[in-house]
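Two complexes come next, and they have one chain in common, chain A, joined by chain B in the first and chain C in the second.
Our next item is the complex of A and B:
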């Protein structure tokens, strides 16, 4: 087990910057998810930690050891690839023994550890089977087992669940979490699936366009997104972001002159420094309430469309020229074409700067640490 | 059902048409001179009087009933063909595989893949005459190494492109997995990649061996007497007294078909197994 520290780490491919000045400190034994859309630099970050990609600038440390210039072979990391990269010309036993043999471990010791790992991964009865014949489930276990058997200091997983269908993925997610506890490993996990990241990780590093956006616990990422990107990326549907304006009377919702959004006292205090200005108002679809038109403190809106998804309704709302979403229980009687009053609780309101799109409240001091 | 029958009939018909010349050659190899010379009026598919004399003739140079004895038997050309084809195949497969791996993995070499095709873009004669002149200057005409080398060179593009397509298909991750476990890049190639593509190497080698084995033009231009190969030797199987020795040629044709067949059968396991990169769900 080791901690992993990235300091101002960048990676460029020619003119293209894949990762820009990344600072990331992963604690010993922590389960960290690197989350972001395709091409955001998350896999490159992982490859740099593993040493499969050289860094262009910056430093990578495992504990206090600077590994920036250390070759992959000597870093002692375990890597589970998206494709699992099973050596299909070998049996399960040969796959498991491979790393130990490369390291020159004694044969008796290899046999013992391979046996133990096969049992632990519930592959004991399949140990002499050609690995090409395994099911996807077994291949995934074999891939994890093969990485774990050499007792790496850091475990890296590159979207290991993305090949599975939805129902099976949930099962494997639970197993993976159990494994991480059992192996007591520092794990770094790359994914583009926010549900996976939320469910598995101790902390999530959200990336976009080569830049780390926020590194925090799942709860904080959800409750206090550092910027508009994180706010929109987390949650399904993502957070509503609405152009608004601060006036003496309060925050005007959308492009209308009529409706004010109630703010908490802290937020009012924060905004007081800024005077009259534009800002971006954020609120989660599941945190607004639908009520009568004209209810005190409510925003008048029209219901454009209602989608019923399982137990929930996704309500498409329009207020003036501003469109946003609401999510409510299936039982709430709301129909397309109705006029409703939307209430947002003051403590559920997020404020972002129009220019930088950064969060204005409770300034998020550090995105790492 | 009728579709199946129709298909079977059509396939059988095409197979019969395709196999007719070969079976004609096979039966002709066992016919005595009287049955394949134009002197006789009657032609039959099966020999009326089957004999080994054609085989005896090419291997010993003399046989009862042939007045003219051969000054060269087939032994040495057979050896020359085998030796140069095998060495040429080895050169092409080893160099082609190594080059294909480097180009596929490291994206090195720029347009080397296309330049390799240069030898194949021109008509063979346009390439081979200059090569003949070069080989003459280098003293490599009618030598086994001269012929093996050119076989390796002209078949290199095939092995390069075939192997490159296999390597391109094989994800890099599988090697990276080995490297993460502590292998050097070469160990990863040798212990992981090569065993996985071994069937591809085998089918490439068979393909190239057959190309080399059946070459006529190159051997004709680059050998004189000592290292003539089977196809060139076969063409010379004629005498002033007896004209074209069709029976002997047929016997030789049958012999020449044996090595590719043996090779094909011996690596059949790999050919049938094909390429199973089964673990990799894309």
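Our next item is the complex of A and C:
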């Protein structure tokens, strides 16, 4: 078990940058999720940590040991592939023993540890079965057990649940979390599914276009997204982002010059020295309230469409030329064509720079934590 | 729509259609059976007689010299045939393992990226494209006493010009093996390389991460997974090599003496020099049966579940 530190780590394939100047400090025993859309460089990051890809520049450290130039075989990482990469021409026992055998552990020791691991992974009764015949559930356990048996210092899992169906994935997610606790391992877990990341990880590293966007706890990532990308990516549906303008009286909502959004005292203080300017106003669909038109402090909007999804309603709203959406309980009586007043609580308002799309409030010091 | 209303069920209708379909393809089937079966049946028929062109009898009158299994009995007595079979087996069991070893080595080098350049692919595959008789001719020239091989060895050793390759019993055998290896190693390489490319990349990487070095990955992951391909490649070459003819014919014509006379060359000589046509037919059938049995054994071995390399 060890910590993992990436310092200014980059990977280029020819002219194409797959990972750009990544700084990431993963603590001992932590469960970190790397989250981002497909093609953003998650797998490449993992491959660099595992040594399957050389870094183009930068440093990788396990604890205090610089492993940048160390070969894959000597890094001592565990890696669970999306395909699980089970050696299907071998039995469960042979799969488990493989890592110990190639490392020259003596036979009695191998037998003991393979037996223990099979029991631990609840594969004891399947130990002499050809591994090609295992269920997906058992394959995943075997893949994790096969990596865990060589006692890696860190564990890397690349989208291990993404080829399972939704119901089964939830079950496996819970099992995985339990396993991580039991193994007390530093784990890095790649996913493009924000629910998975939110549910599993101690901290989430959000990536986009080869760049680390934010690295923080799930709560902070949700409550204090570092930029517009993270704000939109997390949550379903993602955060509303509306072009707005700061004036003397407060923040003018959308294209209209009628409705002001109330800000907290701190935010007003932050904005004061900027003077009059444009900015991006963000608020989460589930955090707005629908009320009477003309209610004090509310924004006038028309309901364009209401979708009922399970126990929730997704309400599509238009204010002037600005479209946004809200989420409310199925019981709330709101119908398409109605005019409503939308209220956003001052402490739920997010402010981003129009140009850089970076967060303006509470400078996000935890990003490179 | 139904031709016979009293058989109204869907099954009966389907059966009728099948019958019609069978009738329609019958002419084609007969033609195919004739094309495939006639030569075989004719061979069996001739092999049970003493038919030879010297008699002047027509082939279908060959029954006049009906002799039951005398030709097959002769197979067990004929020292010339036994020598040829023995030499062919020796040839196969030296040439094919060398081809396999070299082919596997090349495949491994390409697989690991040591040699992975398109220009090497085309270079390596070239010998395979050459007509065997032409390959035989090339090596006939190379192994001449005044040829390029002796010239090359002559650079370091003056005595090289004394070496007579194709007229020495042992050296001629070595020479034809070299020629066969040169021509057919590429095929081994091609098949084995294709097999290696089908080994899941993730499994090789998983093995690396678990600490396996190059050799452990190759022998414990890659090779076991391409077992079926190996069987097929070797089986193919054994059968092909067993029938070797044209290259030998050009290089040595089986000589000196009978030192490089393969089974096919022996049959050729029996056909055109001794004119023992019905005896040749009997040998041909025996060889066919033996090779079929070997092929069947190889096929059942490879199709057994434990030997197939299933993709994950």
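Operating definition for what follows: the second predicted complex is superposed on the first by the 368 of 369 C-alpha atoms of A that agree within 3 Å, B and C clash if a C-alpha of one lies under 4 Å from a C-alpha of the other, contacts with A are read in each partner's own complex, and residues count from 1 in each chain.
Please note the rule applied: contacts are C-beta pairs under 8 Å (C-beta built on N, C-alpha and C of every residue); 3 or more make two chains touch, one makes a residue touch a chain.
All values reported here derive from a predicted model rather than from experimental measurement.
In the three-chain model built by superposing on chain A, chain B clashes with chain C. Once the two complexes are overlaid on the shared chain, A:150 sits against chain B and chain C alike.
Of the two partner chains, neither chain B nor chain C is touched by A:308. Within the superposed three-chain model, A:163 lies in touch with chain B and out of touch with chain C [touch as defined at top]. In the superposition on chain A, no contact is made by A:321 with either chain B or chain C.
When the shared chain is aligned, no partner comes close enough to touch A:38: not chain B, not chain C.
Once the two complexes are laid over each other on the shared chain, residue contacts for A:135 go to neither chain B nor chain C.
Comparing the two interfaces of chain A, the one with chain B and the one with chain C have residues 50, 52, 72-73, 77-79, 81, 83-89, 98-99, 102-103, 132, 146-147, 150 in common. Here chain A touches chain C in the complex through residues 50, 52, 72-74, 77-79, 81, 83-89, 98-99, 102-103, 130, 132, 146-147, 150, going by the rule given at the top. For chain B in complex with chain A, the residues that touch the partner chain are 171, 173-174, 176-184, 187, 192, 195-196, 198, 276-282.
Listing the residues of chain A that touch chain B in their complex gives 50, 52, 72-73, 77-79, 81-89, 98-99, 102-103, 131-132, 134, 136, 139, 146-147, 150, 163. The touching residues of chain C, counted against chain A in their complex, run 200, 202-203, 205-213, 216, 220-221, 224-225, 306, 309-310, 312.
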